[in-house]
Amino acid sequence: MSTATGGDLRVPARSFAVIGTGLAALALLCVVHVGQGSSGIGLSELAALLTGTAAPGVSDIFMGSRLPRLLAGVVAGGALGVSGLLIQTTTRNQAAAPDTLGVNAGAYLAVVAASFAGLNLGALPQGTLAFAGGLAAALLVLALGGRDAPGRVILAGTAVAMALMATATMLLMLDEYGTRGLFLWGSGSLVQSDVGRAGGLLVVVAAAVLAAMALARPLDLLALGDDIARSLGTAVPRVRAGALLLAIALAAAAVTVAGPLAFVGLIAPVSVRLLGLGRHRALIPAAAVTGMVLLLGADTLARAVFDPADGHAELPAGIVTALLGAPFFVVLARRLASGHVERGAAVALPGRRRVPYPVVLALSFAALATAFVLGLRIGDVPVTFADMLAPGDELVRRVLALRVPRLVVAAVAGAALAAAGVAVQAVIRNPLAEPGLLGVTGGAGVAAVGLLILVPAAPRALLPLVAFAGALAALGLLVAVAYRKGSFDPVRVVLVGIGILAGAQALVYFAALKAGMALAAALTWMSGSTYARSSDDLAWLALPMLAAVLLWLAARPLDLLALGEDLPRSLGLPLNGARMAILSAGALLAGGAAAAVGSVGFVGLVAPHLARRLVGPGHRRLLPAAMLLGAALVVAADSLGRWLLAPKELPSGLIVALVGTPYLIWLLRRSR
Amino acid sequence: MLRRVVAVLALAMAAAACGSTAAPTAGQATRGAAAAKPVSIKGADGVAVELKAPATKVVSLEWTYTEDLLALGVTPVGVADVDNYETWVTAGERVNGRTTDVGTRQEPSLEKITALAPDLIVAEKFRVGQNLDALKQIAPVVVLDYTGEGTGRTQYAHMRQTLKDLAVVVGRQAEADRVLAGLDAKIAEVKGRLEKAGKAGTDYTVTQGYTGENAPVLRLLADNSLAAQVLAEAGLKNAWKGKGDSWGMTETDVEALKQVDKATLLYVASDKDNVFTGALAKNPIWQGLAFVKEKRALPLDPGTWLWGGPKTTEQLLEETAKALGA
Amino acid sequence: MGDLVGHGLVAGYEGKRVLSGLDVRLASGQVTVLVGANGSGKSTLLRVLARLHVPTEGAVLLGGHDIARDSTRALARKLTFLPQSPLVPSGLTVRELVGHGRYAHRGVLGRTTGDDLEAVRWALAVTGLEPLAGRRVEELSGGERQRAWIAVVLAQKTGVLLLDEPTTFLDLRYQIEILALVRRLADEHGLTVGVVLHDLNQAAAFGDRIVMLSAGRVVASGEPHEVITAEAVRDAFGLEVSVATDPETGRPTCLPSLRGHLTTKE
């Protein structure tokens, strides 16, 4: 974070140059953007409006579509740019943004929940609701993730965002009537029905940006650290709270106008800092202009490639920003210092009196057995306990033949996910590191969708195999990018992983949009489901289970990883090699689980953490306990998913995420 | 493996019997009971299904095939997504209360289906995946493809063919002929009414609208859609020339209507989410469109489903004729 | 075991040279203290000696053997390093933590032997932690915790022990307690100790030999009275000091001269 050098207290010439160039680019983009649209009416027809010689209807097109859309881009882009800047300054964290801090997800969930409840709100009430949701999410993440540890905050933010998005998806699924639209919800788009919403929020955003400008000088001081800023006369808590509230209000406004747009709030402020601006008086307008340029640029690009005037379907701007933003984030993560080399993303959880190991094992096993028996009992066809012991009826036997394999697959996949979580958390040294965050399951999804698009005739049985290969490829990419200067910084691993995950999601969205319903099978499969699994699917988990055994045998190196950077090496552990090996085992486990049951999140987070509280940090004991609990969790989720809305099934992945959310909040509250 | 051999044999037999590779055919009974003849149908996945006798207990996992079966006089023992079927597909017979809901179309309950002990399961190609093997364990599964891609048929022709194919396996060929004759008669009737009303050759655009993330989304039906093809049969001209996806639709925004506003707009929207009387009514583009100003934006019944079978198609024809004042 | 010797060491970070060709020797069985101003390269030197940082030129020999050729585990049986403020893992007891010190001997799959148990017991005894062995590490006081970390590397049973500023963040009593422990390790257990300290008086009081660094070079090395001189301190720290002899230990002590730094009141 650079600050203006020299004694010149005025905004330096460079700032004028940057903002001026940005404004010129913005003006150019606005012109191009206004000329695009599905009616095919171009700039020349619109230009006639100026001279009053336009054909009839052209002014309607301008007022009814072009202007609202342009305004939406300006409002959302500017709001996100400034929001990201304020968040990055107050958290002193270059990778923080409305999306990595959970603000977008919180705001989005609030909007979805309102529409689920049947409320039909105007722009401002909806914006207020989005603000409340975003505020709640951000407070949760900040209060619990800490401020001065970039890796920790982002882990907390990503985990909270995942949970909130899962909840939103759940609500959307419950409300399902079509099949197509839902999946693309939540990607963000600039399409507007009239100028009212963007116009109304323009006022809000402008006011918030002006208020942020008023805070420019104290914000400059905040960059120097709390203590110094306070000594220099800044009311640190008040400035920080004010800036954060403004940031959240801005992000909520953007969500209300355009839905959750990925990465704009991250890239805009980072770019203006990379351009050498340091003072907020210049940073704020520059970030706003850059955000507008990014968003309108993405929208313009999307419509230039898939011209709606030629009858192409809309490509939401949010997908484009995610596609372009993910690589940017990965590169940024690569150069981002983790703050404290020794600590990295490490989070310590308060100790707790341990329960004797055999008792824990017995209890975990009992939990699994109970879940399994209930899973056999619950379903669309009644099966009594007596039936389980001696199935007399042919129907009961056939139903049990359906239930047993899927429950076994659920159990083994749950165990694999828990083991993956243990491995990844040992390497990252953070109990919030969820294997999905490494982008492994994202890679699996891209590969599966790619297969269906490139080789439509390929047998569906190939899906898991290809997904498995995709998971390993994602790991390879992660390692190649994150391994830098001879070290394997855990924070960098997580950030690069998050970038890969976001990129993979954007690719899948894009493919889904272009290939339409042909991907329905892949998408359902990816949502994390134990539906219709047979004993064949266990094959995907054989190798991962072997990896779990190896991890158990290698418990000592896993233990040593908790000791930081230097000490494990002094104690005789080849650190980078060990990290690579353990991470690979984790990816194998997560990839195998993804191949078998799709992307089920949170098991790798909840099960290891629960086990850690019961048996302590030693991995020889932790791993078996976590695997049993993970198995119990997924088996229970499978049963719940079949029971809640029977005969409709809810994907196990969603159930786990819903159970995981409150647990996660509780876990975060206790972490220090 | 064995199943594949059987399938190939069945295909060969069918081909030999009628001299055409186009399945399905009522097999010439060379063995088995005198009353019930073996029947076969070739699925869109290339897999032929052979039954010893026409199926009576059928489970339908897709709305279109539910509608087809009902039109043929066969009430499926199990239907996926009953509630939404009742809401969205209002043509033809009702199914609620007469059948078992087997869950979502994407992940139907295998247990429910097992309990129904069907002798045929009808599935849609783009939805089956993980569950195909499990379904096959329960009963023979015929996998059909609504889009008809790769068959060389138009969607309209394919819809007719699918009805005939299904009729074979449920032993209702005569019903199928009657239904299709009814459809032909409906087309002719509507065509006649339109001509009498002076509406023959009218340019039109048909669309379904719903609220997307922050604005109305319009699904405009292109020439490769069933709706456009059937309306062409009735002598109307589709004005929308955009790129349709496999289902024949282009998802776009209100602006696109400017390209076709000289035509007549036929729109479908649910009562709960009517974007045409809601968000769009306030939009200046919508207000300025020629068909809005000249009162040529005409609602069809909210229950008009645009991707259905013969009864839905008749409903579309009737609704169109009514909307055009014929 | 022999002396730990660095020859012509050149090392740095990202193009910035920190050590520019220096020679250093940690004599067997003695406490050698590395001192120098901030950025003089003393911590980097210690890390190079521990092979945690690979020098671009030069070599480190232990008993005449180049440590670059050892495997990580083999080296960890001969030499160990305690970083300045290691991460405190949560939930571990002191005994479990100290047990981690046996990794170099047990490896991934090796069984825990009597030697391992004996080494842990010894390390706890030497550091006076036996009564606290069942306590959780995060419950310990600063001084106790630092002793626990020392116990970890002691359990390794290496001949060479390298400590990076082991007294930082401790109050004066704990500082002396830790340094006395370090002294005992050399005197009673024959360990070769290399330690980085900031306080020149403590370095002089507890070190057998002192190596003074400035700008990546050794500017003075030898016994305390040879190194802690007004001239050497002026060169290395840019500060005027007056050097006296502690009557109790006979070791040199230095006091910074404050002339020119304070304004006298009229």
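Brief remarks on what is shown
For clarity, chains are labelled A, B and C in written order, and residue numbers in each chain start from 1.
In the analysis below, a contact is a pair of C-beta atoms (placed from the backbone, for glycine too) under 8 Å apart; a residue touches a chain by one contact, two chains touch by 3 or more.
Not measured: the values here are computed from a predicted model.
Chain centres computed from CA atoms place C at the largest separation from chain A. If you tally contacting C-beta pairs for each pair of chains, A-B comes out on top.
With centres set at the average Cα position, the gap from chain B to chain C is 80 Å. Chain A and chain C have centres, each the mean of its CA atoms, that are 44 Å apart.
Once the centre of each chain is set as its mean CA position, chain A and chain B turn out to be 38 Å apart.
Annotation for chain A: no residues touch two or more other chains.
Across the interface of their complex, chain B is touched by residues 37-41, 56-57, 59-61, 63-65, 72, 177-179, 181, 185-189, 191-194, 196-197, 257-259, 308-314, 316, 379-381, 395, 398-399, 402-403, 460, 463, 516-518, 520-522, 524-525, 529, 531-534, 536, 642, 646-649, 651 of chain A.
Of all residues in chain C, those touching chain A in their complex are 14, 47, 50, 52, 71-73, 75-77, 80-83, 85-92, 96, 100-101, 103-104, 106-109, 136, 138-139, 152-153, 156. Note for the complex: chain A touches chain C at residues 342-343, 346, 348-352, 354, 429, 485, 553-554, 556-557, 559-560, 562-567, 569-574, 612, 616-618. Those residues of chain B that touch chain A in the shared complex are 84, 87-88, 101-112, 114-115, 117, 126-134, 138, 210, 212-217, 222, 240-243, 245-247, 250-259, 261, 275, 279-280, 282-290.
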